[in-house]
Every structure is written in structure tokens, then in C-alpha cells.
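Order of writing sets the chain letters: A, B, C, D and E. Residues in each chain are counted from 1.
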Amino acid sequence: MADTPQAVIDERVKDVSPWRKALIRPELGGIIGTVAVFTFFALLAHDSGMFNAQGILNWSTVSAQFMIIAVGACLLMIAGEFDLSVGSMIGFAGMMIAIFGVTLGWPMWIAILVTFAICMAFGALNGVIVVRTGLPSFIVTLATLFILRGFTIFIPQTLERKTIIGGIREAAEGDWLAALFGGTIGRPFFQWLGDAGVIGVFDRGNRAGEPVVNGVPMLIIWAFVLIVFGHILLTRTRFGNWIFAAGGDAQAARYAGVPVDRVKILMFVFTAFCATVFATCQVMEFGSAGADRGLLKEFEAIIAVVIGGALLTGGYGSVIGAALGALIFGVVQQGLFFANVESSLFRVFLGVILLLAVILNTYIRRIITGER
Amino acid sequence: MADTPQAVIDERVKDVSPWRKALIRPELGGIIGTVAVFTFFALLAHDSGMFNAQGILNWSTVSAQFMIIAVGACLLMIAGEFDLSVGSMIGFAGMMIAIFGVTLGWPMWIAILVTFAICMAFGALNGVIVVRTGLPSFIVTLATLFILRGFTIFIPQTLERKTIIGGIREAAEGDWLAALFGGTIGRPFFQWLGDAGVIGVFDRGNRAGEPVVNGVPMLIIWAFVLIVFGHILLTRTRFGNWIFAAGGDAQAARYAGVPVDRVKILMFVFTAFCATVFATCQVMEFGSAGADRGLLKEFEAIIAVVIGGALLTGGYGSVIGAALGALIFGVVQQGLFFANVESSLFRVFLGVILLLAVILNTYIRRIITGER
Amino acid sequence: QAIDDDLSYIMVSHAPDSDAWWNTIKNALNLAGEQMGVNVEYRNPPTGDLADMARIIEQAAASGPDGIITTVADYDVLAGPIRSAVDQGIDVIIMNSGTPEQVRELGALMFVGQPEYDAGLAAGQRAKGDGVESFVCVNHKISNPVIADRCRGFADGLGIELGSSMIDSGEDPAEIKNRVMAYLNTNPDTDAILTLGPTSANPTIQAVEEMGLAGDIYFGTFDLGAEIVQAIKDGTIQWGIDQQPFLQAYLPVVVLANYDRYGVLPGNNVNSGPGFVTADNIDKVEELAGEFR
Amino acid sequence: MEPTVKPIVSMKDIEKHFGSVIALNGVSVDILPGECHCLLGDNGAGKSTFIKTMSGVHRPTSGEIFFEGRPMSFADPRDAIAAGIATVYQDLAMIPLMSVSRNFFMGNEPIRRIAGLPFFDHDLANRVTMEEMQSMGINLRGPDQAVGTLSGGERQTVAIARAVYFGAKVLILDEPTSALGVRQTSNVLATIDKVRKKGIAVVFITHNVRHAMAVGDRFTVLNRGQTLGTAERGEITPEELQDMMAGGQEMATLEGSLGGTV
Amino acid sequence: MEPTVKPIVSMKDIEKHFGSVIALNGVSVDILPGECHCLLGDNGAGKSTFIKTMSGVHRPTSGEIFFEGRPMSFADPRDAIAAGIATVYQDLAMIPLMSVSRNFFMGNEPIRRIAGLPFFDHDLANRVTMEEMQSMGINLRGPDQAVGTLSGGERQTVAIARAVYFGAKVLILDEPTSALGVRQTSNVLATIDKVRKKGIAVVFITHNVRHAMAVGDRFTVLNRGQTLGTAERGEITPEELQDMMAGGQEMATLEGSLGGTV
């Protein structure tokens, strides 16, 4: 086996041009879409401020939100399941933080940690029910969607007689853990950029002289960290291989010794984790938790993931692709505002992009995997 | 083959008691659920007016609404697909009728017929895309969900500068087709019941002396007709057999000569038809079309169907079951109001019922079909 | 509270479960119920679908209460059920939205509230007086026809076309914030912002703060909440239109109970709003914002 | 192979490519009425692909099909069924969630008109199903029993009974006995014999030489997409057939190469 | 069957019921180190079920399993793999959407620590995969080629190469040759021979008698959930084996019953 002539391998590899090989990858659809979307808006809205510092921060923040939940949804979808309760989980998590931190007055870091624990437990419950009963995750998580949303409205209603609980920012003042989810970083650098004239400064109002962008929001940092984590987990670790295997063919994976049930449950937990990160950043930034937060976010996450090239039935996809899908989603959504397009048409655009993306991705996937 | 002793057959049939055989059927879960739900509310809300004429009419009407869309969703689900665009289709259809009939001032029957044609064309488009591209119907109809909702907001916004269009009842006055969707029938009978004191009568206003329930709404008639039609189509016709076959195993059905693609597309069209019936009844009854009509109805339809024992992945289910699922849904929703339960808990109930129902149904289905 | 006559009233709103503003209504309703010694119930369509609301009114009528308190969010949809209830002998009071003519036509006892369009109009007129010539209306529930009336009224009060001034902001706070920022970036000559409730106001406050426009841009909002009150104090928001939801829920219960017990009835409708809450009169509001204010 | 009888189906030079896979590389076979034509071959030899081109599932990449002497081109299985070619597929064309009688009549539902409207004649369907299954030696609990509750062998038998019942001119059986026990196998082979005697042509795919020898009139062996020729009963011994199927000479070389362990 | 060598795996009186289906009805087999033990039998005889109880997929309904003399009870396939029982399943344990090298190392991913954290060692995985596949005679375009683009035979070969590479004490092959062409079959049989000579026990399931005879040391025939006994090489002729597999006597009766057509 050691005397295998390396030449033979090289000879075969030449069959496919390196160019084509580099091109044909799961993220290709996402990359093409991203380029198309940016070109489109560069032409349509180049003079609208969409591509100055403030504009970039604008669509980056929206995209980062989508990315955070898309990473969880992506890994879960690759593991062969999906989760419709993400949106309700976001509302629920925010409300729990508000109730623990404001209504009950616990230190914010305890409130956040306990909320993470509760939400991840719900995620695990989703997973355990799906794995144990063999029911489709669509149904199980649809039930969770309703149950969590019900609690999100019922609990504050009963405890506080309101469905928006504010004062979270004040309660989180100076908390070490809360600081990880709210605020911005890199302020001095942006101040310097502003002074140097690279980015604009406010020329009126009470912040005149400050740069228009005064730092990178923690939300974007979280999105970045989760994408890197998800990408490395998926492509560079043993567990990542198990995720692919569990979604590709659970039975075959089980035979090969992959602990499929554990993988799926953990992915449900991770999805819940991402939803809770989203919720925590949101309540820290906006200072209040509302019972209607996160509506329809589950669909937005799934759409971003599917635009990014993942297969709805599992076993195939890429975190980078999902992130690009989220970027496309965010840029299109905000770009239409910059381009001054009637905003209710956004949904029509979204539907059309989804269809086109999924057809393109199917084509690319068939080339890669030799599906019939 | 003619000399087969009939006795032998009879002997075998005895293996399973006729009682058990009559019991173990796809609708069993729905029947058990219905009995349970009625018992529950009879105990909890017997003195709340839930079971007087008006109360019965109330939850019957709500259930009938669910039934209309559940019939379409049920047949489509049995044919192996599902449609997330039902809710948007309802909003869209109502808006189209309003725009044609009120804004453009067409005769109402033309407005209705054109709307049916447009909506069924959208249904067919869903079907054609699913069948041709082989994409999951989840994704394709999710795109349609957004596209239709976008148009439902955009069109009246552009034409009329508002998202609600009224005056439909006036425009439909005396229209022969509109009469099929609005109003009630059986008025003389109910008048008689009222006079006889069986049901309450209005005691003041310009309708004093009339019975509080003055007929059966056309909505309930439609629900009844669609259920009967769907049930007969599914169980008593050749086409019904094809629906089961297409959903059970599309490939095997194709080999056996079943025109699977046609069946699936027709079922998408039928689902669109049901959604349009729903929308037409609604605008005729309420006289206005709003852009928010039908939100989340797709989930409600799917939930009713799944509670009624159908299999999310196709090939198994019953229209009667779906109708019972819709009845359970309607009775629980309205019954909680009668029983004066905090309304936000409705979602929690719904989620729990969904989970329990689907587990029960899975168990029953395994007995019937010998699934492993 | 020895009165033991077991009166029960049902309030049916048009708000989805999660709409925060309606909490004040619920709280005031419960308070009035306690104070008057009557049973009160609050019901609403879970998704805010007005057709579902019509069913709930029918259902409420079927359960035979002594009175129903409801809104006329869409006259076409709700007229039938409300009229049936009235004809059935149930006393009905219209609150929040509707017009005096509609109330009369329906045979309801009275109206307590603030017609949405009129409130918008009044706000628009006030803004016009303050020199506003263009505005953006942040609509967080584009598909809900009721609250869009506020934008239309505002535009008419300013005497300008609504045009594309109303933006569909979605309900996610970050999206609202960033869409407002995007709009203001592309339309830098916008004079005023109108938000339609706490859902859209809170992120918008942050948007103008972040853009350094706080206090600089004319900012008015409907309905109050803790953040809005704070922003009024800070000078970020010029005024909040307070339709005093407390009264909209509290008064009907009191009126109905007294009507049923003693046959007394005020002779007129009550306009609970629009009251403009500004930095000058904010203090009392502050304490109870979101709960009773 | 004297052309005394006119072939009912005649396949000429059939090629079938799936993308880069050449599943059939020029196969010619004649099927005569009333004969049992056995198609043998290793796994992957192309047997299933070959009969699928015959029954309208696949269109051949090149080559011609003659049915009763006329050139034929089936657009889909429905056409082939209508023309009289019934097929029992290897990957059972049975739907486990459906009842036996619904499966039995799938695609050929009997119609009874009530008030002019066509309804599925369940009574007829149920009666026929029970009778046919009994005559195949399978006792159903009832015609509405789901196919999923049957054993693999019973399912196979339903599929065969169905094809036989709809009395085609050509009956194609793709490894009908592969999931069957010995007793059920004997039933199927007896049925094949019966059908053949009615003058119906049977194409019987198997890789069990004994089963083939038991009922076959002629034997065609496929190997890697090509035919190794057709032999008539008596011209060939079971051992020779077995050798051809397993690759004959190549196998011998292989056994040699294992270095005397054989 | 003299107990000179201690069996590495010893299955005693294994029964396995699936609901009402009795798939195994008391099967006892010993596997000796370094032998190639062929398991033969008709379709549905219970071969796959039997080896699945050996590899931890199914728990036997009753009966005992001894591994290296100690009683063993595998909770899931992972345990069996850890103990040294590698299996190539009939329903290929390969995931078509994944690359060859990911499939090759599925469940046994090589780890390289970077900064103390365990990462999947792709370089090692790719190199090993290319080498192993070459040594099995399969030229990949690259280690990241998806298994879905391989032919059925190539996939089977990957599965075997994988099992061989992870060098178990017992290697179970469930019909490894069923999707292979003759040349690839010869490769597999040669591999079995190689593996056996390393002292590894091979359990080789097939229903092709020639393949069994080519490499087998002992032969166990299953029939309808029961064993018809184990024979050693030389004690039995291919024809006898073939007879046993096809049901022997029962088949003879059947041929008779077809009424002299045989």
C-alpha cells in the first residue's frame, strides 16, 4: 500500500480543472447571490448612503441578527432536523431575562445564565421528543412554537400586568456578563477614523463631532464568533463529521458508530443557544423585552440557511453559506429602503430570491454530490 | 379461483374482533379527541352559553372555517405535499375580490370568478414548480407565502392608499354568485324554532322577535359540502386511490400507471380553491378585505389535519379525521373563551393537544398499517 | 362591596395577544371590575385578525353577559355581530376606535375613546403648527388597517400626501431601528417622525439617538410606555399622544355597572383623547407608564 | 431460435446510459408468446434496467422496441400497461400504507357508475382481492388490511397476483421470488407455469439458476450491460448457466489467482 | 468442528423476533480467528439479522454471545466496533452526500490537536483514503469527491476498505460482492483472503456458492431462521451447498409438482 505511485493520483486530479473545483462548492450559490445583490444595490442605491460607514453598519447589524440564528438553524438542518420554535424561543428568552433581572431583581449575570439554562433545556426537550418518538421535527417544534409563545405572553401578564418589560439596561448597568451582549467595541478606533475624515462625523444634533459610527456592536461580534465556531465545528472536527452523517443517513451513521441521537439533541440545544444569544443581545441593546419579539424569525432563519445552499432534508450545507444567505437577506431587506422601493414589495422580492436561490443551489449540489 | 371456499375467509376475519376492527381506523384519534374535548367543556363551561343555540353556532362557524381549509390541506398532505401559502392565499383572494368588485367596480360574480381563476392558477404554479423541480413543497410554498402576502399589501396600498377595502357587501347586493358565499339558509325553520321557544329571540332593536340564530351560515354549508366531496373523492373514487398512491410512494405509483404529477398539481389547485372559498365567504360575511386576513391559517390547517390523523409525509389520512381535527381546534379555541381561561394560554393548550394527538395517532397508525 | 348581583361584562379588543399597549386596558378593566364588584373578562383575537374578532363578539354574545365593551376596528366586519348583540338585549359600549355616527348606528350606549384617524389628524395639525413639512411614519404592523389610519390622519393634518412616507418597519426592534436609520439617511430632509406605539417608538428613539438627531428631529408618537416617557423627559420626543387607555376600559365598566344597577347613563360620548403628553406634564404619567398610563 | 412463432416483444440493440453509467450496451432479445423467458445475470448486470425500458419506465438511449411487430415507444408506464405489458418491479410497486385491495387495483380501479358518476367499486375490488389472494395461498384478515402488515413474501405475492389478474399479454417479473420462502416460491413458479400455458409471455428475472431451470423455456444471460446470448431449454445445463452468470472464465482465473486455496 | 482453536465469537441459541416475525429461531455459530466463515442462505433466511445481533445493532430476544470467551452484550454498534467487530452492512453504511474521506473515517475520525483542541485531521484522512482506495483499485478524482458520485461497486469497495483499514479482530461482510462486477469481486475476494491470513476472522455472507467456495473455510447455511449446520471446506460440494440453500428436498418436490415440465 505504501508503494502506491503518487503520479496516478495526480493524473486523475487533472480531469477536473482546479478552477472549476474551487468554484463548485456548497457556498457557490450564496457567493453568486451575494455578488448579484451587491451589484444590484450598487447600481440602484449607490448614492443613497448605503455604502458609507453608517449605511454599512446599518445592513451589517441586520444581517448579523439573521446570521446568529442562521448558524444554529444551519447546523441543525445539516443534522437532519429543523426547529420552528426559534422565533418563540427568542421572545421567551428575552422575557425570562427581563423577569429574572427586573421583576425579580436578580443580578443580571444570574438572570442571563439561568435563562440560557432554561432555553437550552427546552431545546434539549425538543430534541429528546424528536429522537425518542421519531415524530417529524416540524410537528414537535410547531407545538413548542405555540407553547413557548403562550408562556411568553402569559407569564409577564400574570406577574407584571404588562407584556413589555423595560428597565433592563438600567438593571444591567455594570454587569460583567451583560456587557458581553450589549454595547459596542472599538470606539477609540472609530473616533480616530472620524477625526481623520475617513468616516463621517455628525454635523448637527447633540453628538456633533462624534463619528457617525462609534464602534462595532457586540451583535456583530457574536455573529462573527458563532460563524467561525460553527464553521470550524462543522468542517474541522470529529463532531462536525457526525453532524453530516446524522443528517445524511441516520441509520447508516448509527451503524458506523456515530451517536446520532446525541448529535441531534445537541444541535437542538445549540439552536436554542443561538436563539438565546439573539434574545440577550436584543434586550441588552433595546432595554426591554416584549412578548411579540421574534415573530416569524424561524422562517427567516430557515430561509437564510436554504439560500445559503443547505439541503432542507439534511446532510448537506455550509455555515459560510448560511451566513451569506443571512447577509443577502439583510442587504436586500435594508437595501430596498436605501433604494426607496415601496417597502411592502420586500416580501415579494424575498419569495422570488428564495425560489431562484434554491433552484441554483439544487443544481450546484447535484454536480457536487452526484445525486440523481 | 371460483371455487374458493368463502368459509375460510370468514374464519380468518374472526381473528380480529369486529369491535376492535371498527374502532381501529384513521379517524380514531380524532374521535377520541372530540369526545375528550366536548366532555372537558361540558364540565367546565356547561353554564356559559356554550351549548345554547347561539353558542353552538359560534363554535360551529369557527370550526367550519378551519374545516374548509383543512379539507384542502388534508387531501394535499395525503398526496404527499403541503402548502404554507394557504394563509397568504386567503388574504390575497379576499383582496382581489375587493379590488375587482369595489375598486374596479366589476359585477361581483365576475370578480369572484376571476379571483378563483387567479388563485387556482397560483395553486397550479406551486404544484408545477414542486413537481418539475423536485424541490420540497415547504420551500416552494414558503416563497409563495411571502410573494402573495407582499402583493396583498402592495396592491391596495398602491391603488387605494389603504390596506383595508370595505363596501363589498353593498357591491354584492343581489349578486347571484355572491349569495352562495354569504348569508344564511333555513331562516323559516329557525324562525319557527324561535317562535316555539326552543332558541332565544332578540328582545329589542329592529330585529326584536327574530330568533338569535336565524339560519345556518353558508360557511357551514360550504364546510359540509367540501367535507362530503373530499371524503367521497378520497375513499370512493379512482382519483382518491391515486391520491393515496401518490403520497404513499410516488415512484411505485408512477410505475403502476398512476399520473402522479397530475394528481399532485390538482391537489395544489384544490387547496387554493378551498382557501379562496374561505376568503370569499369571509369577505361576503364581513364586507371588507384586509391585508392581514388569514395570517397563520396555514399552520392552523396543517395542525387540524395532523390532529385528525394524517401523516405529515403523505399517503395516509382521512378527510373525516381532518374535519374532526378542525372541530377540536375550533371548539378548544372558542371554548376557552367560554370557560373564561386566560386567552394567552390558548397557545399552550394548542401545543400540548397537538403533541398528544400526534403521538396517539402515530400509535393508531402503526397498528393499522404495520409500519415499523 | 356587598352588591351581589353578579353582573358580568366582556371586553373584546382587536389587538393581537402580544400588543403591549392593551395591557393598560386589561389592567384598568380588572381594576374597574374589582372596584365595582362585577365580573370582567378580556378577550382578543390571538393574531389580531378582525374576522376572528367578529367571531369572538358573537361568542361573547352567546355567553349572555350583561354588557359587552368592544372596538369598531372595522365597521364592515364588526357591525353585524355588534348589532346582533345589541338586539339580543346586551348593552354595548364602544371604546378606543369608532366614530360617534357608527356608535349611534349600532345602537351602542356610548363611545369612550379616540378615533384613530381623528387623533392622527389632531397630531398632524399640531405638527403643522410647529413647522413640520415632511415626515416618516414608522408602521410596525403594516398589515393592520387600523393603525395605518393614524398615519393617514397625520398626513391629512399636515396637508400633504401620505405617499411613501409610511414605511413597513417589521416588528423586530433591530430591523425597525435600522430601517428608520436607512430611511433618514436616504431622506435627510425629513422633518418629523411619527411612530405608532411602543413597538416602533422604542427602537426609533435609539435610532435618532444613534444618529445624533435626538432633540433635533421632530418626533411624535402614539401611546405611552416607559421608554417613551423617558424620551419625552429627555427631549427626544416632542409629544406622545395619550388616548388614556385607562379611561377607555375603566369608564365603560363603571358606566355599565351603574346603568345596570341604577339606570343612570351619561348623555354623551367621552373623548378619552387625544391628550398630548409633553415634557411639561410628564411627571404623573411617568410612574405608571405601561401599567395604567 | 427459429422464427416459427412471431415474437410479441422484440428489443433490438437497446442501449441505456445514465449520465456516465452505461447500464445497457446493445442488448437484443425476442420474447415469444406463451414462453417463459428467463433473464439471468449478476447483480448490476442491467436486468432491471432492461425490463424497465420494456415497460415504459425508461426510454432507451438508442435501439428499437417492436410490440406485436409494430415499432413502439412508450412515454410512460401507463402506455405500456395499456398495451398489455404488466410488470412486477423488483423494488415492489406496492404502497405499504394502503390497503391490499387498493394496492391490488392501483392504476386499474374498477368503476361503478352511480347516477352517472364514476365511483371506485369497492365491493368488486374487495371480492376480487380476497379471491385472488386465496388462490395464491395467502389468507388476508380482510381486503382492507394494510400492505404494510404483510410479510415481504406476501407483498410480493400481491404484486404478482395483481399483474396476473390484469391479464396482460406480457408479464414481467423482476426477481419475484427473491423475498419468498420456499413454499411461496413454489406457488409463484406454479403460477408462472399456469400463466404461460394461457399463452401469455412471461419474462422472469432471477439469479437463482434452479428457479430458472424449473420454469424457463429460454434463458438469456446479461453480463455488465451486454447479452451473452439466449439458450433454449435443454441446450444448456444448470452448471453452464451458473458459470455464465458468475462471469465464467474470469471466475476461473480468479480462483486460480487466490493461490491454490481453492 | 474440533475445539482446538478457541472461537473468537461464539453465538449460542440466538433468537430474534420482530413483533410477530420470528427472524431467527435459535441459531448457534462459532467464529474462529483467522477463518473465513461463509454464511449462506436464501433471501429472508435471517443472515442479515444474525450478523446484526453480532455487531450490536439488534439485541437478541434470547441467546448468548461470547466474545473472546467472555459473555458480551453490546448496547449499540459503537460498543461492537470498540471491541473489534467491524461490519460492512448490506444496506451500505455509506452516506452519499458526504465525501469519500469523511465517509471512510466516519465514526473513527483521526484527531490532531492544535493548541490542545482536538481537530479532525483532514490531511491524514485524505492521504489514507487515497492510498487505501488505490490499493483497492479505485482511482478517486480526489478524497473530497462525494460518495454519491461513485458507482455502487466503488461505494461497496470504500466500505470494505474502511472496515479492513480499521483492522478489527472480526470483519463481517454482508453480501459485499452483490453490487460488484467480476473484476471488483475478484479484488474483494483477494482482500478477504489477505485479511484472513493476518489472523482476522472474516464472516462472509453471500448467496453465490462460487464466491463462497472461492474463499470460505467453513460454511453455515441458514434457512428460514434456523441453521442447517456448519460444514468445513472439503466436506461439502458446491452442488450440495446450492441444494441446501435453495431448500433442497422441498425444491425437488416443487419441480415434481410442476408436472414434468422440468
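Rule of thumb we're sticking to: a residue touches a chain if its C-beta (ideal position, glycine included) is under 8 Å from a C-beta of that chain, and two chains touch if they have at least 3 such contacts.
Going by UniProt, the chains are A, B = Xylose transport system permease protein XylH; D, E = Arabinose import ATP-binding protein AraG.
Everything numeric in this text was worked out from a predicted model, so none of it was measured.
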item: Least step count from chain A to chain B, where 1 means the two chains touch; value: 1
item: Far-end chain from chain B, centres as C-alpha averages; value: E
item: Relative to chain A, chain with the most remote C-alpha centre; value: D
item: Distance from chain C to chain A - Cα centre to Cα centre, in angstrom; value: 35
item: For chain B paired with chain D, centre-to-centre distance based on mean C-alpha positions, whole Å; value: 44
item: Length of the line joining the C-alpha centres of chain B and chain C, rounded to whole Å; value: 34
item: Multi-partner residues of chain C (at least 2 other chains); value: 17, 142, 168
item: Sites on chain E at which at least two other chains make contact; value: none
item: Multi-chain contact residues (two or more partners), chain A; value: 149, 153, 157, 342, 344, 346
item: Parts of chain B lying in touch with chain A, wherever the complex brings them together; value: 129, 133-136, 138-140, 142-147, 149-151, 153-154, 157-158, 299, 302-303, 306, 312-313, 342, 344-352, 354-355, 358-359, 362
item: Of all residues in chain C, those that touch chain B in their complex; value: 17, 41-44, 46-51, 54-56, 58-64, 74-77, 79-80, 83-84, 86-89, 107, 141-145, 148, 152, 162, 168
item: In the complex with chain A, residue positions of chain C that touch it; value: 16-20, 23-24, 26-27, 142, 164, 167-168, 171-175, 177-179, 181-183, 185-187, 198-199, 202-203, 206, 211-216, 225-227, 290-291
item: Contact set on chain A toward chain C in their complex; value: 45, 48-50, 54-55, 58-59, 61-62, 65, 91, 149, 152-153, 157, 161-164, 166-167, 202, 204-208, 210, 212, 219, 282, 285-288, 290-295, 297, 333-334, 337-338, 340, 342-344, 346
item: In the complex, chain B residues that touch chain D; value: 1-2, 4, 8-9, 12-13, 15-16, 21, 232, 235-238, 240-242, 244-245, 248-249, 251-259, 311, 315-316, 368-371
